[in-house]
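Just passing along the structure, written as structure tokens.
Per-chain numbering from 1; labels A, B, C and D assigned in written order.
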Amino acid sequence: MYTETFLIAAALYAAGFSIPLIWWSRDLRAVRTLSLSCTILASLLLGLVSVAVLVSGNVITFMIYRPLAEISFGFSIDRLSGFFLLVIAAVSAPVALYASEYYEHLEGGSRRNLLAGCTNLFILAMVLVVASADMLGFFFFWELMAAASFLLVMYEYDNPGTRKAGLFYFIMTQLSTMFVLFGIIALSFRAGSFRFSGVAVPADPVVLAAFLSLFLGFSIKAGIIPFHKWLPYAHPASPTPVSALMSGLMLKIAVYGLVRFLLDVFAPDLWWGILILLAGVISAVLGVIYALKEHDIKGMLAYSSIENIGIIFMGIGLFVIFSAESLPLLAGISLLAALFHSLNHALFKSLLFLTAGSVVHATHTRDIEHMGGLACHMPVTSALFFTGSVAIAALPPLNGFASELLLFIAIFTSITVVDPLLKVLFLVCLALFALTSALAAACFVKAFGSVFLALPRSPESAGAKEVPRMMLAGPVLLALACIVLGLGAYQLFVLAGISVPLPDMMLVGLLLAVMAALTWTALYFTASRAERISETWGCGVHLQEPSAEYTGHGFSEPLDIIFSSIYRTRIRNERVFFDQKNSIFREGTAEIRLMKVFEEYLYLPAARFSLASATRIARFQNGCLDTYLLYVFITVIAVMVFLGWS
Amino acid sequence: MAPDFVLYIIFNTLFVLAAAPLWISVIKKVKAWTQGRQGPSVFQTYYMVAKLLRKEVVYSSTSSRITRFTPLVTMAAILTAALFVPLIFVPEPAGGIGNIILFLYLLALARFFMALAGLDAGSTFGGMGSSREMSISAIIEPTTIIVFAALAFVFRTTNIFDMFARSAATGTITTPILILIGISLFIILIVETSRIPVDNPETHLELTMIHEGMILEQSGRNLALMELAAAVKLTVLMALLINLIVPFGLATTLTATGLLIAAVLFVVKGTILAGIIGLFESSMAKMRFFQLPSLFAMAFFFSALIIIIEVFA
Amino acid sequence: MILLGYIMAALAALAAIVLSSTHRRMNAACILHAALTVVLTVYVLLFQQVPVASFLIGSHFFFMDRLGLYEVLIASVIFTCAAVYAGGYVESLLSSKELDQGSLKLFYSSWTMLLLVLVLAFFCDNLALFWICAELTTILSALLVAILSARENIDAAIKYIFIASASMLFSFVGLIFLFETSRTVLGTGTLNWTALMQHASAFPAGMALAAFALVFMGFAAKSGIFPFHTWLPEAHAKAPSAVSAVLSAVLLNVGIYGILRVYAIVHQTTAAATIAPLLAVFGFFTVGIAAFSMLPQKNLKKLVAFSSVENMGLILIGIAVSTPLAIFWVLFHIMAHSLTKASLFFSAGILHRQYRSRLSTDADDEIRDVFRLQPLAAWGIIIGGLAITGMPLFPVFFSKLFILRELGQASMPALFLLLVLLFVIASALGYFVIAAFCRVTEAGASSDIVPYVTPLTMKIPLVLLIGLIIITGVVFTRGETAFFEGIVQELRF
Amino acid sequence: MIDTALVQGIIRILLVCIIITAAYIISTRNLLSLVSMYSLQSVTLVCLALALWVLESSPVLLAIAAVSLVSKAIVIPYFIATIQEKIRIRRDIEFHFLSPTTSLLFSMALMLVVYTVLSHILRDIPARDNLFFFGAVIGISLMLMGMMVMLSRKRAITKVLGFLSMENGVLLFGMFVTELPFIIEFLIIIDLIILVLLTTILTVGIDSTLEDYHKRLHRFRLVGGTEERP
């Protein structure tokens, strides 16, 4: 029964992929709508299956295709898979709803059919990665996912930014593939097959190598610093629904991979956990610090994804540490926190991406310095973005808070039990985690403030209009999900039969509402109700100008200075003087540029080095026959000497 | 929910609302004394709130709904947070009320709204206030969480109710380490309530101001709510400090006399603490904004040191 | 007698070409010939008892076993597609005066001869005969490379001939060694593969090693193994694309086929322990040089050619691993590579026609507006590129995966090294394609490029091959598997 | 019959002659004498085959001698000479990598290497006459020397001669080490003739050295002749 439903869902995605391919040359809205309707329907079915699995705890196993003894496409949906399927279903349906309108406003004619089709392929690949019963299927669909997402990123290929994004994305994806493949192959020796089965010896160097390379592979895909660079390029470059899917779902697939391997295959050591934890903490802190400085709205969201993935990795790291220290309860809480945060991040990040896409659609710019004042022009969108901001800033009573709270509780509780040295580590992580979440709040105050509040800072922004209804419907669903998951977190866990030390957020929400209602009532009866609209008081300023407002840059300036050691600016100052003693200044230029530390010190040198060595090696092929014959000659002699010597 | 708890909610909220404005005035009074002035009456804040409630509200033409909602949400969030810190009576915790992290994040919720409201009108002062408030709150956050972790470590619980119950049971501070934690809490209180040397609550139009800058556009009943909320926040943080360090008299059962004694004692203790804050403020000068991180770093290492001592001792 | 069928078909086609006067007819003859070869091969596969011990001139010179039939099948399918493709391509060459009308007959008759010689080569039981056929394929294909009346083509062809033939001479010395070895063991010398396979285990290791090492050098040159690969990128880049496809998809297989056959013999002696690392070293160098040559590559066809070098290296590594599973997937990879590479060259050919005045030899390609001008070719390159880097749904995915796995079983560091090299290769491909395909003319600016109207005959084979790639990548029938296993058994791995 | 020792002595002398011709091919600059030297080498080879036939009286050797005489000593040299007339090249002055003297020294070293290597490899073969071993060494050395000619000369036509001399080496090696079936030998010769025909025809298109027209490649833009780049 569930098997059939799952298969129907998969078939629907496949139909959604093939329908636009069949009519690839017809630039018809109906084709795309049909394709995306398939997505929505399939996501609903998938949601049903996953909820059923989650509630019942049954494992659905079935084999669909086994062409060879070594190659089998079997699927097995246990609770972990079911959970991630739920995440996929919950995000892809609203995104498809949004896309059905958004894609119509893109340029590209019938190419949009392909876009809709590939979106389906992308989702299908993610679904199958999660559902795969063995490593081979996992890797197969993992690659399919990579290919599909790459095509999606390249949609606006004629844009110079996209080219760079595509390049970064492609190369990083390949790197990730390389590591994942190495890990899988190494594991397949120890396990004897490609099944997800236990490899009990963590000290075995092969297993160790497998873990490290899998960890690297998943980190690259998840955007863990320092492998994050593709995210802030790829997300802004791709069409909005694609960014939402990539940030909301694809990063989670990497998380799924890590969790799946840690749970089913490895018997992790303590230091593995510490490694994951540290990777998470560093990504979280640096991610949010970079997000603060970003003024491309989608780039900012991309960095914020890095931060949230960092938080999820922290949860996983803690899970491993607690498991290794045999503290099953805390381990459970940490894992739950990581998974719950995955779900939450998927929801609010896709919400934010979609609404950001609406904003970009309305203003035709991604630079938040050219926005402003949109709260009046786009009331619904602003409310939705606001919901997302509150959720991502981890403020009660929304869902972002619920999952971060779980993580906080895990660390707080653990401090009383673990080793002294671990305690110190945890305290450092705790402090950085707190910093992260406070900075995230600052970041989203900045984002919401610069985009939606105050006066419009560009004519486009002033003339912006609310987006069509379909582009609101999707985000509305996501926002509702954020609210429900936030308020009902405790109840949901109880429903799933898991006991967690989570406060009853419903009660807190109720209290907040009651307090607000009481305050309002009290004011209603006691206070004056007179209101007046007037100009903003500006200390005697004649007229309020948008140019005089606090900009996004200005907003983050204090934090900028405080974290100046991380941002690393490069100051260029050129001056020309009238005289030779350099005392009468004539003219000059100055520039303060934010350095892209990782790009300038890691990525580009690596690229430059490999290109230089490649150019040197390519000189081997110098186009001269004599040289080539010389190679042959030398080889012949070498082989002969080898023969005589062996 | 137990009727006890409902009673607690009503009682605590009313008490905190009633008592909160007092400390603001007390601090002002103490500061005035140290400067050789007579200062305003200790009930000045009550008068001010009452007067503001009667005034009309002026909204900026550029402001959005954020400005309209903020006072209400801020008040609601602060009042809910106030429920997490029992002032005079500690009931059995219910439904996770009293969770120390939730408490922190409720304060953060209020701050989030205030910061947005600061940006809403598009005035430069508001923007500056918001920017600084968010920056400061971010960099004090590690210290805060470490201090709270230390509390959780010392009391082996993450619930403030349980902490209070345990300290109330002994009547005096349970371990000497709490005194050190108290010092850290005091620094947090100063920062969170925007007092000297971090912020100057007295001025309205200096480049140094933070909190006052954010609420510059508020007027009438909204301003009253903001002022009241600030006062409640101060009270709550003071209560946290008081009930941990000098918990004697804190009621753990619901009896009229017990409550009365606890209330009186709390007012006395609060007045003394307010006096200390006033003296502290008078003896300090406002720090340069970008020197604050080093102050916070000091606070952070101080708190971390406490925990490390505790951990390894 | 089936072999006579192949020969008759070729001769008939040859006669038709010589007699016909129009390009269309010559092309049709070629297509028919190749298609007939496909039909014959399929017929043998389905209805004959394989291996067919054959019989030309009543001796043991020819036979048909599974491996030979398999290679012939690949070759004939590629030739059919390429012949169809050549119809449009040569027309375009003629109209742009790159090819003389007079050379047309030569072109098509060498084309037909090439297929015939290839078929004979794959059906040779006698290794010396195989060597001769392989030499003839070099000559004929070099003729096809040189057919364009441009100097650089002649240059490329001469390089090809000199490097391949000179190395092949060493290969012949190796065969003499083999012959001598068999004579010392069996009494009478023989170069019949079946006979050698039967008695191989008795061969002395030293002689087997020497014989193999020398034979290897020649066939390595045929299949573009480092450091004999140097002719390959130039010949493939300069040749007409239909010929490039054949060169890369079929002719490289001749070398690999030879190596596989001879290795199957020496594999049974103790020399295998020395030879396997030797092969692996050559394989790694091949992949490595391909990887780093692709990185700064600016010419599409050279890039694709280097990718062939890389795949040959990969196949060689697979052979070096020489577990049955590895050989199984090496065989699969040979097919996967042939189909994919042919499709890539077909697409590259369309682009070459489009940008011919700009896409000159050693200068950088100036591909721009490719999606507007040649959407099919662009997608062909993208799909082919994804296929050759081993994305799923394409056959290379599985063959690569399992070759890597078998390699890992032998040595983990080697596996990692190979993965790094494959990463570099994929990056290089991606880098090139992204850089080239994203180049567009601004909306306002007028572009001086006239769209090249791609004839249907160039489109159909491309689409057909892509379809074939996907089918082979997804569908694995039991018969296919059994067939591959049969080959592995024949080779006694 | 003729004395075996005498024949062996003759064979030895012939082998030395072959090496001398090879050395001449490596070092001479005159193309015409190059061709005739190749012809001489082939004739020596034929004589060797005949001498071997005297020793072993295998008919295959006789056949080889006949075919070689026709193809290598007459047809191919004639053909190449005709081509040379056509492209009017008399001299091949430039050398690459190896100057004539170095190549001579180097080829001597090579012979030593080949000797060691072969003695190592052929130890598995039941003991053969020392003479045969010597012949095999000379054969391989001749191949390598031919290769050296190929890589050190710039003119394509000289390379062809180098290749032919390599092929002679193979034949020599084959004759001494073992006896291949005649049909194979015959086919190889046919193959060789085709190869040489094709190569020389192709070289007609190249009236200068390969390097030279690399520099001039850009002039031969296939269509439309865009402007020359500096």
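FYI, a residue touches a chain if its C-beta (ideal position, glycine included) is under 8 Å from a C-beta of that chain, and two chains touch if they have at least 3 such contacts.
Model, not experiment: these values are computed from the prediction.
> For the pairs A-B and C-D, output the one whose chains share more C-beta pairs in contact.
Here the pair linked by more C-beta pairs in contact is A-B.
> If you average the CA atoms of chain A and of chain B, how far apart do the two points sit, in angstrom?
Comparing mean C-alpha positions, chain B is 36 Å from chain A.
> Quick one: chain C and chain D, Cα centre-to-centre, how many Å?
30
> On a C-alpha centroid basis, what's the spacing between chain B and chain C, in Å?
A distance of 78 Å separates the two centres.
> Averaging over Cα atoms per chain, report the distance between chain A and chain D in Å.
67
> Which residue numbers or ranges of chain D touch two or more of the other chains?
120-121, 147, 150, 159, 210, 214
> Mind pulling the residue numbers of chain A that touch at least two other chains?
Chain A, residues with two or more chain partners: 623, 625, 629, 632, 636, 643.
> Return the residues of chain B touching two or more other chains; collapse runs of consecutive numbers into ranges.
Residues of chain B touching two or more partner chains: there are none.
> Would you please name all pairs of chains that touch?
Every touching chain pair, ordered by label, is A-B, A-C, A-D, C-D.
> Residue numbers of chain B touching chain A in their complex, please.
1, 9, 13, 53-66, 72-73, 75-77, 79-80, 83, 94-97, 99-102, 105-106, 108-109, 111-112, 115-116, 119-128, 130-132, 134-135, 137-139, 141-146, 148-149, 152-153, 156, 158, 205, 216-217, 220-221, 224-225, 289-290, 293, 300, 304, 307-308, 311-312
> Tell me, which parts of chain D touch chain C in their complex?
Its residues touching chain C are 120-126, 140, 143, 147, 150, 156, 159, 163, 166-167, 169-170, 173-174, 177-181, 184, 187-188, 191, 194-195, 198-199, 202-203, 205-206, 210, 213-214, 217-218, 220-224, 226.
> Quick one: in the complex, what on chain A touches chain D?
The touching residues are 623-626, 629-630, 632-633, 636-637, 640-641, 643-645.
> Any idea which chain D residues touch chain A in the complex?
Touching chain A: residues 96-97, 110, 113-114, 116-118, 120-121, 144, 147-148, 150-152, 154, 159, 210-211, 214 of chain D.
> Quick check on the complex: what are the chain A residues that touch chain B?
Contact set of chain A toward chain B: 373, 375-376, 379, 382, 390, 393-396, 401, 405, 408-409, 411-413, 415-416, 420, 423-424, 427, 430-435, 437-439, 441-442, 445-446, 448-450, 452-455, 490, 501-505, 507-508, 511-513, 515-516, 519-520, 523, 526-528, 530-539, 544, 546, 548-550, 554-559, 561-562.
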